[in-house]
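The structure is given below, and queries will be raised subsequently.
For reference, chains read A, B, C, D, E and F in written order, and residue numbers begin at 1 within each chain.
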Amino acid sequence: MKQVTAVSPAADLIAYYGEAASDVYFQRARKTLAGAHVDAVVAMDFFASQAGILCGVAEAVRLLSELLKEGDQAWAIGEGEAMGAKETVLRIRAPYSRFGVYETALLGMLSSCSGWATAAREIVDAAGGKRVISFGARHVHPLIAPTMEYSAVVGGCAGCATPLGAQLAGLQGASGTMPHAMMLLFGDTVKAALAFDQHMGDDVLRIVLVDTFKDEAEESLRVAEALGKHLRGVRLDTPSERGGVTVDLVKEVRARLDQAGHGHVGIFISGGLDAERIREFEAARCPIHSYGVGMAISAAPPIAFTADIKEIAGKPMTKRGRIPGAEPNPRLARVI
Amino acid sequence: MKQVTAVSPAADLIAYYGEAASDVYFQRARKTLAGAHVDAVVAMDFFASQAGILCGVAEAVRLLSELLKEGDQAWAIGEGEAMGAKETVLRIRAPYSRFGVYETALLGMLSSCSGWATAAREIVDAAGGKRVISFGARHVHPLIAPTMEYSAVVGGCAGCATPLGAQLAGLQGASGTMPHAMMLLFGDTVKAALAFDQHMGDDVLRIVLVDTFKDEAEESLRVAEALGKHLRGVRLDTPSERGGVTVDLVKEVRARLDQAGHGHVGIFISGGLDAERIREFEAARCPIHSYGVGMAISAAPPIAFTADIKEIAGKPMTKRGRIPGAEPNPRLARVI
Amino acid sequence: MKQVTAVSPAADLIAYYGEAASDVYFQRARKTLAGAHVDAVVAMDFFASQAGILCGVAEAVRLLSELLKEGDQAWAIGEGEAMGAKETVLRIRAPYSRFGVYETALLGMLSSCSGWATAAREIVDAAGGKRVISFGARHVHPLIAPTMEYSAVVGGCAGCATPLGAQLAGLQGASGTMPHAMMLLFGDTVKAALAFDQHMGDDVLRIVLVDTFKDEAEESLRVAEALGKHLRGVRLDTPSERGGVTVDLVKEVRARLDQAGHGHVGIFISGGLDAERIREFEAARCPIHSYGVGMAISAAPPIAFTADIKEIAGKPMTKRGRIPGAEPNPRLARVI
Amino acid sequence: MKQVTAVSPAADLIAYYGEAASDVYFQRARKTLAGAHVDAVVAMDFFASQAGILCGVAEAVRLLSELLKEGDQAWAIGEGEAMGAKETVLRIRAPYSRFGVYETALLGMLSSCSGWATAAREIVDAAGGKRVISFGARHVHPLIAPTMEYSAVVGGCAGCATPLGAQLAGLQGASGTMPHAMMLLFGDTVKAALAFDQHMGDDVLRIVLVDTFKDEAEESLRVAEALGKHLRGVRLDTPSERGGVTVDLVKEVRARLDQAGHGHVGIFISGGLDAERIREFEAARCPIHSYGVGMAISAAPPIAFTADIKEIAGKPMTKRGRIPGAEPNPRLARVI
Amino acid sequence: MKQVTAVSPAADLIAYYGEAASDVYFQRARKTLAGAHVDAVVAMDFFASQAGILCGVAEAVRLLSELLKEGDQAWAIGEGEAMGAKETVLRIRAPYSRFGVYETALLGMLSSCSGWATAAREIVDAAGGKRVISFGARHVHPLIAPTMEYSAVVGGCAGCATPLGAQLAGLQGASGTMPHAMMLLFGDTVKAALAFDQHMGDDVLRIVLVDTFKDEAEESLRVAEALGKHLRGVRLDTPSERGGVTVDLVKEVRARLDQAGHGHVGIFISGGLDAERIREFEAARCPIHSYGVGMAISAAPPIAFTADIKEIAGKPMTKRGRIPGAEPNPRLARVI
Amino acid sequence: MKQVTAVSPAADLIAYYGEAASDVYFQRARKTLAGAHVDAVVAMDFFASQAGILCGVAEAVRLLSELLKEGDQAWAIGEGEAMGAKETVLRIRAPYSRFGVYETALLGMLSSCSGWATAAREIVDAAGGKRVISFGARHVHPLIAPTMEYSAVVGGCAGCATPLGAQLAGLQGASGTMPHAMMLLFGDTVKAALAFDQHMGDDVLRIVLVDTFKDEAEESLRVAEALGKHLRGVRLDTPSERGGVTVDLVKEVRARLDQAGHGHVGIFISGGLDAERIREFEAARCPIHSYGVGMAISAAPPIAFTADIKEIAGKPMTKRGRIPGAEPNPRLARVI
């Protein structure tokens, strides 16, 4: 599939990013400038409107490395690093005609990816040392879901839900337990758990979803009894109609599992979690093994990036409202 | 390019949506169910957590039409229609094994596209009868930017910025004026405007960006003088450092243009516009021809969709917290 | 028991209200006035600081009828009627020495009882035509709990929890279902329900508490299966740790009972209900048979009442800050 | 009088608390359990929904000492001590049949009394070292007013208004000055003060109410002139219609008394005081001798208490939503 | 005195307004323009930043009539009329050299006076038909106090406190009752009232201040008793330390006066009154004869006025940010 | 002109302040007291309702020095010093007949002047060490504008706009740059600047207003080019319709001037500045040379002052609501 190549742009993505998915006014500018024989080496700076975690710059640099030629230059801050509001995170010094039309693509990569990475970082910080898994692939279009998951991992997530997301992020494999649909088709949580245990390979953790039919505390004990030492954990994903997952619920399930001798069984929670709610669980010292987070990462808005010409033919120059000249930023490293 | 095929899924997208970009736990469920020889005809309902404009359902139905077989059924509400909170907008009745693993992809299409279309609709309503152009391609990753633009047009926008977005949405072509970079390379707005006029075809409107070097009112008069009747309009995109575009600025430019005999020149505005600000312009009866809107549409969050099994083998059945049975919705039309 | 006589005051309550439970400064005033041979016929008005439902006035009038003598007079508004802020609800015209020391008791009866009745009325109004039962005896000291229940019934409640409360309020008997303690001693809800059915008389409704061990929806079906047509209803009292009782929960239990053929089984809810939450259930047209309300009535604060002398020996007279003279109130009826 | 026995429960209060004022469903549970021959030694824990000052536990223990038999056990935290939210403050380990039906009474004692004591403690803390007198008997039904006063003293008040309240709390006598009614009957504050001085015993402090007819500052000087060294203090109870008692008023009265040579006369204030207003007086270093507080204590809502079975026959056991087992609390002391 | 001439500018005020009290940069501009021989007939528009009551324009026109020559023109809206935000209220068409240096003075007259008149109008509207007297001369410098009072009368006040203010406003005389100082020197309100009655002419209303020594209700009765039919009214000016004047106080004084047969005595109130508080008195149908208002008028901020050149030598011309050309306003009337 | 003498009161101002601009009730009190032969030496204290900067006291003392006679006394805090709320800032001990009628004038001087000085002090503190010029003469009536400017300088301003204000404040001369009107008459900023440079004396700083026709950054460069080393600074007074003056604008103009070699040109800003906005500029370390402030000072409300008699004939005495006696204040210095 071609989409997979998003992380290693080849000829057709060059065309795609320069024509099909490029703002048409850059194409018109290219034609006008060429017609008038106007071109110059410019310095163009990219910066974000707000502070956050920079992401997408690795892909941007890969694209630029296909476009720029000998003598052209680029500098950048590293993928996953913190960036300040209006701090220059990418600078290109090259003839405008070489890359001007790709401004849309470059900005888009930075905007979307940094938005997701920044949201993930806040969540991960909230969780202290606990593992956070990005489970929000379902909330974004499948063409972009793996890129979202890659960004979440750059932001600090320990895992994600789709195989391509995991591959982009350099993880061993995707993470997941069991969907409600499977429980319903088996008609009973214990039956489903036993079949899952029988048919999955050793690399798959036995973590059983326990809120489909019965009260979570009761079902956790039934499953623990049935799977014994095979059971690695239970997942609580209580629907909002039943009050969602709460501190009290987790503590009660833990206590009942322990009283029944199942101290080895971990508790995994998901469902509407965000940084605020995770901070509550952590503040209450809730005995949770890992958090599954969806929309708090996947629905995070992009961070607006801007690209400004700051020099033309070696002279400070910029549009009204901005300060001319490429101000030095010691954090920028030469990348091309 | 393969990405273009997003709107006509073929074999490799089937594979992509069912494997690479699918939640791994659906793949594990498929293996477990198959190993245990469990399957059944199920009714699965898709609904949104909040009211909005439904979008992405056309693509979802195209995907399903590749997956389902004779005797299987699907119903849906139409692309671009208003949907209520928790209203069923798509229902599938088929063996679970046929489509279960595509739940991630189906939800993702609906979530992203409906989020953008809903935001666009609010903006378009705010603008009264004025044209709204989606200019936010630069704020989302280029793999998905055209899909965002398609959704914006479904929501009511009259135009968008990239050629592929325009193609997906069935428009004649993309919309755009001039970027600041071109102005800077020419070093003067009037020079740039004359070159643009010379090199563009007749199908391109002469709308000149007037905030790069000088005060907008002064520059508008210079450009109007230089291009005469060729000039269709001026675009005000005043940076926030100069106070942004305001009601007073637009009225003043209009008055100065009129006093100088340039009543035929329209005013196009952009820059940080959202529904609230557009309502202010409209309430002040501001003489604006069209609005260019960016992040207020492109950064709109996805709307969370959920898919619930409601029947198994003809019997009402669902998970705890939901009401069993596929409740009739007269707005659903048979699509497969 | 003597407490029961609270509603028919006899000699020892006269003594109690005039000495043991009377502000000592009224006793000192009595001694000083007697020592100085000062007394006069006064008009004293009782009024509340805020609008509400008047309650306790019946008991106050009974007390006054023991105290006043021929030629003395009293007027009042009726028990359970609405009263305005600062409206005179009780007026006494008699020698001050006859009743002055009972001001504490008279004010206390009005304050406590009107506070409870006013809160009950708001709840009852919120519930539309549905029955509201006062279940808050446990939140107030047992010496006063039946008086609180009497006031709640004056405010509009259809039932209350203790036998003495029911007797004071003139009801056939107290209302109640099953406590969690009984369920726990039986160890299973169905066993407890069957024993209850066997040992209770015909006058006791079979309403079974279904949240002790299992999910409410599951347990409701088990109980309905076991008791068949004997079962009058289920009570949902879901603890806050499980999200409390919600609109969605009630609707789901109703749907699952109906789908299983138990349409005759009613739903009774309790647990942290107040007027605001009851309005939500009613606005959502939730299929509820009756509401059990605790602290929203029993913890209602007393309404402050004041008693002011307005005339002395037939002349307008009062303290600074108040308007002298007994202003006519056509709602007052002669009671003594 | 029988009500006085509230602090030393005898046979008829046992009957009252177990039948007349007990939730009827506990009586039904008793009959059902007896009919099914079900009983067991249980551990039942009592705890409050919020932090506060524990009160009523002394009376509860007295009741239990009448009910429990040899081999039964109870532990408690001390009367007047601070308690945490959900902290176990009373634990009973005995056959359920012995005390189950008294749950209503036990909870009610704790709820009402702790509500009043907690409010009193906040007021007393606000007043620094100044004396606070509970004057709110008039705002609660006379059957319970002395119990309210006892609780206020447990919370820290230095005095209360009724003789029985003072007796319950172990005080020498009740506190009080003069009511407005007495002033009005005398027609002049000085006349009333002189008669009071003549007829009261030496144990009664000469504190004269000075706001009935004239401005407080003027009246204070008249009274001080008339009573000379007999006068212990003046009470300001200015009605809200005259602006209530304020910091400025107290300071002015103090200055005028001092300038006229009445430095020995103290100032006592009352009227709508609460913790917030008392903090203002203290922050302004207002020369006040003591505060009389009414509704801020007497209208305090009860604190909800809950009783949960935590063990049955020696095994951890509780209802869904709670953690089974009687968790050790080192603050609990064996009381039975 | 020269200050009195503020309303009929003569030679020395021309000099004062053009030199001593004129922004120095206008003087520098005059010198520069003269040096460069630059002058032209201009149209200059004056407008306020917010809506309000126009005041000061009469004085402005008087000043202009001294400055302008034959052929020059001026238009204005009338003194005391409502004006809209940014509405042109004064337009001058004359050679700039003739009046440019007086811009400071013209703006200052309009700003101060319109600020006061606007505040007065809001107060007067709040008072319904009741008379409002401006008593705030003491809060502004004596050089300007009469001008403030004139503006208050333009805004609708029925009287003011100083003789010059009354003269400027065309009133018969100033309004006033008695100051606290006089009461204190007499040492008794009744003594002071009798002396006042003896020494004042018939044109002075006998309105006695009754809050200096005693409670207002008590003192009102004493004064009414002493002056009998001579007494026209009492003034309540209760200090904030005694709660200020309240609705309840006025009603009580009214009732006590009426009960004692002094129905002919009016009630006048003052002290911290503003529109909000006056609306409360009126909403409570408080029996008040007139209101004395101080800082709510005298401390009202000036309303910012701006003067813009809109035409030069007959052509639309103005500074950036404003719309060129003198827009017709049908409310403007030719004044010069 | 007579107004100039406001700072050295002579005979006619004595008359003006005692008759024309005095509250008429003081004149009536004078007549009544004289008629009744009542007079006494009193101590009268002046104090403000809120903390601030004392101003106007110098003028008040000058007035008193004309009024008081041998043996009379006065104490005061110094002009420009901080004063506390209700702190005595001026005390007079003299026969009441000597000065009573001047209470209006004395209060008015203190109120207006302290209001302006207090506002100025807050602004000056906000500006750190930067110079603040009072430019608000145009917002107050010209009779009082110089007094306002004097007060602003007492509060800390470094300059003011009118010659008389500067004279009152003891400054060398008034401050000012160029008005927009002059720019418009010249039709071009550079032409106006050159003429200004030619015709002004050496004592006038060449500070050119740069926002009349063109963008400020562009115009600043044009002016700097034209005037070279003669140019001392540019003034930014951007209208709100163009976003006002912002941190970003100042920084950009600074950068563009520096890049073009005009580092010696300072930046002066004005237009709607207040303490809050100045703090923002300072917090952003904005390279500004001085601030021009208008309404934030000139529209500051007066601070209410009160004068209370505290002693009569050597004895503590005052009105109800105040504490009798002249409390010592060590900050008071003998001034008469």
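In this text, a contact is a pair of C-beta atoms (placed from the backbone, for glycine too) under 8 Å apart; a residue touches a chain by one contact, two chains touch by 3 or more.
All values reported here derive from a predicted model rather than from experimental measurement.
Undergrad: Chain by chain, through touching neighbours only, how many steps does the shortest route from chain B to chain C take?
TA: 1
Undergrad: More than half overlap in residue numbers between the two sides of the chain A-chain B interface, or less? Answer same or different.
TA: Over half shared, hence same.
Undergrad: Sort out for me whether C-E or B-F is joined by the greater number of C-beta contact pairs.
TA: So, comparing the two chain pairs, more contacts are at B-F.
Undergrad: Tell me, please, which of C-D, A-C or B-C gives a repeat of the B-E interface, judged by over half of the contact pairs matching in residue number.
TA: Within C-D, A-C or B-C, the interface duplicating B-E belongs to B-C.
Undergrad: Let me check something: if the centre of a chain is the mean of its CA atoms, which chain is farthest from chain E?
TA: Farthest chain from chain E, going by C-alpha centroids: A.
Undergrad: By CA centroid distance, what chain is farthest from chain B?
TA: D
Undergrad: Measuring from the mean C-alpha position of chain E to the mean C-alpha position of chain F, what distance in angstrom results?
TA: Inter-chain centre distance comes to 22 Å.
Undergrad: Quick check: how many Å separate the C-alpha centres of chain A and chain E?
TA: 65
Undergrad: Just the number, please: Cα centre separation of chain D and chain E in whole Å.
TA: Once rounded, the distance between the two centres reads 57 Å.
Undergrad: Counting only Cα atoms for the centres, state how far chain A is from chain D in Å.
TA: Chain centres of chain A and chain D, defined by C-alpha means, are spaced 58 Å apart.
Undergrad: Which chain F residues touch at least two other chains?
TA: Those would be 213-215, 218, 238, 240-242, 248, 252, 320-322.
Undergrad: Please classify the inter-chain touch graph. Allowed labels: line, ring, star, complete, other.
TA: other
Undergrad: Pull out all the chain pairs that touch, please.
TA: A-B, A-C, A-D, A-F, B-C, B-E, B-F, C-D, C-E, D-E, D-F, E-F
Undergrad: Quick one: which bits of chain A touch chain C in the complex? Just the residue numbers, please.
TA: Residue positions touching the partner: 213-215, 218, 238, 240-244, 246, 248-249, 252.
Undergrad: Could you list, by residue number, the parts of chain E that touch chain C in their complex?
TA: 215, 217-218, 248, 251-252, 255-256, 259
Undergrad: Flag every residue of chain F that touches chain D in the complex, lowest number first.
TA: Contacts found on chain F: 316, 320-325.
Undergrad: Which chain A residues qualify as touching chain B in the complex?
TA: Residues in contact with chain B: 1-4, 6, 12-13, 15-17, 19-29, 31-33, 35-36, 38-40, 42, 44, 56, 96, 100, 103-105, 107-109, 111-113, 115, 135, 137-147, 161-165, 173-187, 192, 195-196, 198-200, 204, 211-214, 238-242, 294-295, 298-302, 304-305, 308-309, 312, 317-322.
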